[in-house]
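There are two complexes below, and they share chain A, which is joined by chain B in the first and by chain C in the second.
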Partner chain A sequence: MAMVYARIRLVATAIALLVLAAVAPVAAQQPVNPTADAVKEQQLLQQFKRIQGLGTIPDIKSYTIEQPQGRQWEHYHEAVLPWIGTIAMLGMIVLLLIFFLVRGMVRIKAGRSGVNIVRFTALERSVHWMTATCFILMALTGLNITFGKVALLPLIGPSAFSKWSLAAKYAHNFLSFPFTLGVILIFCMWLAGNIPNRVDVEWLKRGGGIVSGDDPPAYRFNGGQKGVYWIVVLGGTLVAVSGYVLMFPFYGTTIAGMQLAQMVHGTVAVLFVAAMIAHVYIGTIGMQGAFEAMGEGTVDLNWAKQHHRLWLEEEQARVGPAELERQPSPTPATPTA
Partner chain B sequence: MRAFLLACLAIVIVGTGGYFFVNAMQQPSGVAFTTDGARIDTNWAWRSTGTKEPITPSEECDVRKPWGWFFVDFGKPRGESAVCRISQ
Partner chain C sequence: MARMKFLCDADRCIECNACVTACKNENEVPWGINRRRVVTINDGLPGERSVSMACMHCTDAPCAAVCPVSCFYTTADAVVLWSKDLCIGCGYCFYACPFGAPQYPRVGNFGSRGKMDKCTYCTGGPEPDGSAIEYEKYGANRLAEGKLPLCAEMCSTKSLLAGDGDIIAQIYKDRVAKRGYGSGAWGWQTAYRETITT
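Presenting the complex of A and B:
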């Protein structure tokens, strides 16, 4: 009996497919009169793949109302980008949470020495915080464009969302200038210390010693920090250039150029945010003594020995060990763990 | 903390500079989204030398005789905005 039913289903499916194959081309070939009073948008799109007409103003771009590239772009910023952003950012947060639960904070093995050495000058820290502050504010205001309608609008209502989005748009535009300046200064300030070398290869092979527990040697910037540097420089350049293309519409670009710029801007920005979440993690709760480098400008001697041994040796050779140890430490020494 | 405050000050200064730069480069929306090719100011079209002002709506709609075009004033009307002058 089951065999009979299976055969009936097979025959019915075959007939249905034959009917569809016969009817579909006929339906597709139905002529559409684009000037008919009752012509529908979807009919026009199916027949001509675009909706355009004539105009009397010089801006001929405005004559085309819908086109295939426009719909692809709409699909990108309404569906693809939110997914890329969600996976990248939430994925990174989940990974870091698991890592923190498994590995915990990377501690100074020898405990605090009570002696601090200068790691970043006031200028370096100012440039870092200028770029970081702009980045955080621009990330929040930028993510509002992609996720605000879904995440914020239902919470605060259309009136407040409209006001916030307008302010966010202006903040995003004007903060782009100090952010770009920060990226340029970071590139110039730390380029010499961020050229990859063999020490970095070894550092990366050993996973920075974070998992294994050993501490591979590193100069002022280790392999991971060099990775962050190049993400900031290259990612920052991409978001800045694509952002300025969007900020000045049709200055040397067409609609297609602006759509491409928006796609590059959105994709690079959400990946940039995901990478910076990891940077913030390792600079705060992920590693004992790391935040002080950018907070106060100094690090504990034992921290430097553990994570940047080659840099410490260079510094000792440059200013002398006695001079280094004269730096006052705001954090008291702790007994060896 | 001092480095962070310095950074905030730099953000305000550079951001304000950016505000003036953008305003200098970008046009107000009233100008940017106005066509420069199809703007017709009826007052301008019918303003002739010797015509009394203001021109009434009925006068604006009158068909001008060919000889009347000799007396058309192509100058800038009194009180006309800069936007109108650009468009013409």
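Presenting the complex of A and C:
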């Protein structure tokens, strides 16, 4: 019996094979296309902007094999950023120069009283100058990355420029820590005096009195100084955060994140520098009696009356005019006999 | 002079990673650096493709454009090289590179990068051809010996092609014409601003 079944099975198999052989040529006529569902470069780029896959090495960012937006970032870095920087910084310098030539130094109208009052404590000045020193050094070393190869490289040659740039990179990285500390301290230290209020609206409406010369009243910080404060706090936060992203590359970011961080860092930084040029101007040659506030920490009574009347009234109410004016000025306005 | 290019025929790549190994061995590439790597797209799915990718030696190379110390240069064969003496390890070339080619050895604190390293198209560097110092810094200079990059030369399926752009483009065209399909010259449009019409 088993033999019969085996025979039947054999014959059935043979018939089945014959049928298959007859059908096979029909199937073979269908062209084989192994790429019917293969991934295509253009399709992937249109879909995802960059092409990623799986690799066999621990370096995860190497799994991205193509990111054409690198060329867009190149355009930002080589064309957009230098233009923003040049227009903002040179534009600011030109504006200030014109302003200086037209308006000249803002003088103390009543002349020096010879009486000084304290404006910034030693701690406040230390924080200001620590932050300012870091800012100037980081501005120069940072601008070197964008403008150095155009402005400095042809002058000193590739080898010297490379050595300077390497040192500049390290200085830029390490100075970020005291700079960030400075921005945090500035934020805490002067926050109380920098909340915008109605007096600032009036101050700004009257152009700070700088143009018209009518000296609107102000508390400890006027509208313009509050502007500088918020530029430092917000601009400082943006450059610090984006800077640390760049300093710790690919910690939780991708290539797109790094490019964005650099774009934020570069744009905010050049605008920040432009704003600080104006700040330096008004604190030095732009206004008589302003620098000593951050220099020796004191200002002339008449300067305070002219520019910060409400603050002076506050101070006089707090400690009494006699106490405030006890300290004679080292440079009396009226010549002594 | 030839215009040297790379072409990876993804329909032939079998993801054997021999190009990666050959490159590491031939150039004594520093630890942790892969000048070439193989990446598989849609791994394990129907239609997956593997691509061997390294520096493509772009036309108007973005890395060279963004370098703050201008340490890049292009040879007469259109190979994009750089000077490790001038490189400051800022990392900008990596942001600009469409192919993720530049890499930096980790040195010192934070994410501090050392001197950049990438594929040299087996063409060494600015030092004298075939010198010991050139080999130490950049690896082999096969081009000076009349040889093409080892990754492509030893590719077992001849998926990875190196050589003059026109010649390898013709080889690829003939292949596609004969076998009837091709997933394209990966990266060519981005790198060379032209592709191979098949």
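In this text, the second predicted complex is superposed on the first by the 271 of 337 C-alpha atoms of A that agree within 3 Å, B and C clash if a C-alpha of one lies under 4 Å from a C-alpha of the other, contacts with A are read in each partner's own complex, and residues count from 1 in each chain.
Definition applied: a contact is a pair of C-beta atoms (placed from the backbone, for glycine too) under 8 Å apart; a residue touches a chain by one contact, two chains touch by 3 or more.
For clarity, every value in this text was computed on a predicted model and none was experimentally measured.
Colleague: Counting residues of chain A touched by each partner, does chain B or chain C come out ahead?
Modeller: C
Colleague: After superposition on the shared chain, which partner residues are touched by A:G297: those of chain B (first), chain C (second), both, or neither?
Modeller: After superposing on A, A:G297 lies in contact with chain B but is clear of chain C.
Colleague: After superposition on the shared chain, which partner residues are touched by A:P178: those of chain B (first), chain C (second), both, or neither?
Modeller: A:P178: touches chain B, not chain C.
Colleague: Just chain B (first), just chain C (second), both, or neither: which does A:W230 touch?
Modeller: Neither partner.
Colleague: Based on the superposed arrangement, let me know which partner A:W129 touches: chain B (first), chain C (second), both, or neither?
Modeller: Once the two structures are laid over each other on A, A:W129 reaches chain B alone.
Colleague: When the two structures are overlaid on chain A, which partner does A:Q259 contact: first (chain B), second (chain C), both, or neither?
Modeller: Only chain C; A:Q259 stays clear of chain B.
Colleague: Quick one: is A:F248 in contact with chain B, with chain C, with both, or with neither? Answer first, second, both or neither.
Modeller: A:F248: touches chain B and chain C.
Colleague: Going by the contact definition given at the top, which residues of chain A touch chain B in one complex and chain C in the other?
Modeller: Residues 56-57, 59, 173, 247-248, which sit in both footprints.
Colleague: Which positions of chain A touch chain B when the two form their complex?
Modeller: Residues of chain A touching chain B: 56-59, 122, 125-130, 133-134, 173-178, 181, 247-248, 297.
Colleague: Would you mind writing out the residues of chain C in touch with chain A in their complex?
Modeller: Chain C reaches chain A through residues 10-11, 17, 32, 34, 37-43, 46-51, 53, 62, 65-71, 83, 85-92, 94-100, 103, 110-113, 180-184, 186-187, 189-190.
Colleague: Which of the residues in chain B end up touching chain A in this complex?
Modeller: Counting only chain B, the residues touching chain A are 2-4, 6-8, 10-11, 14-19, 21-22, 25-26, 35-38.
Colleague: In the complex formed with chain C, which residues of chain A make contact?
Modeller: Residues 31, 33-42, 44, 51-57, 59, 61-71, 73-74, 77-78, 144-146, 148-149, 153, 158-159, 161-162, 165-166, 169, 173, 246-251, 255, 258-259, 262 of chain A touch chain C in their complex.
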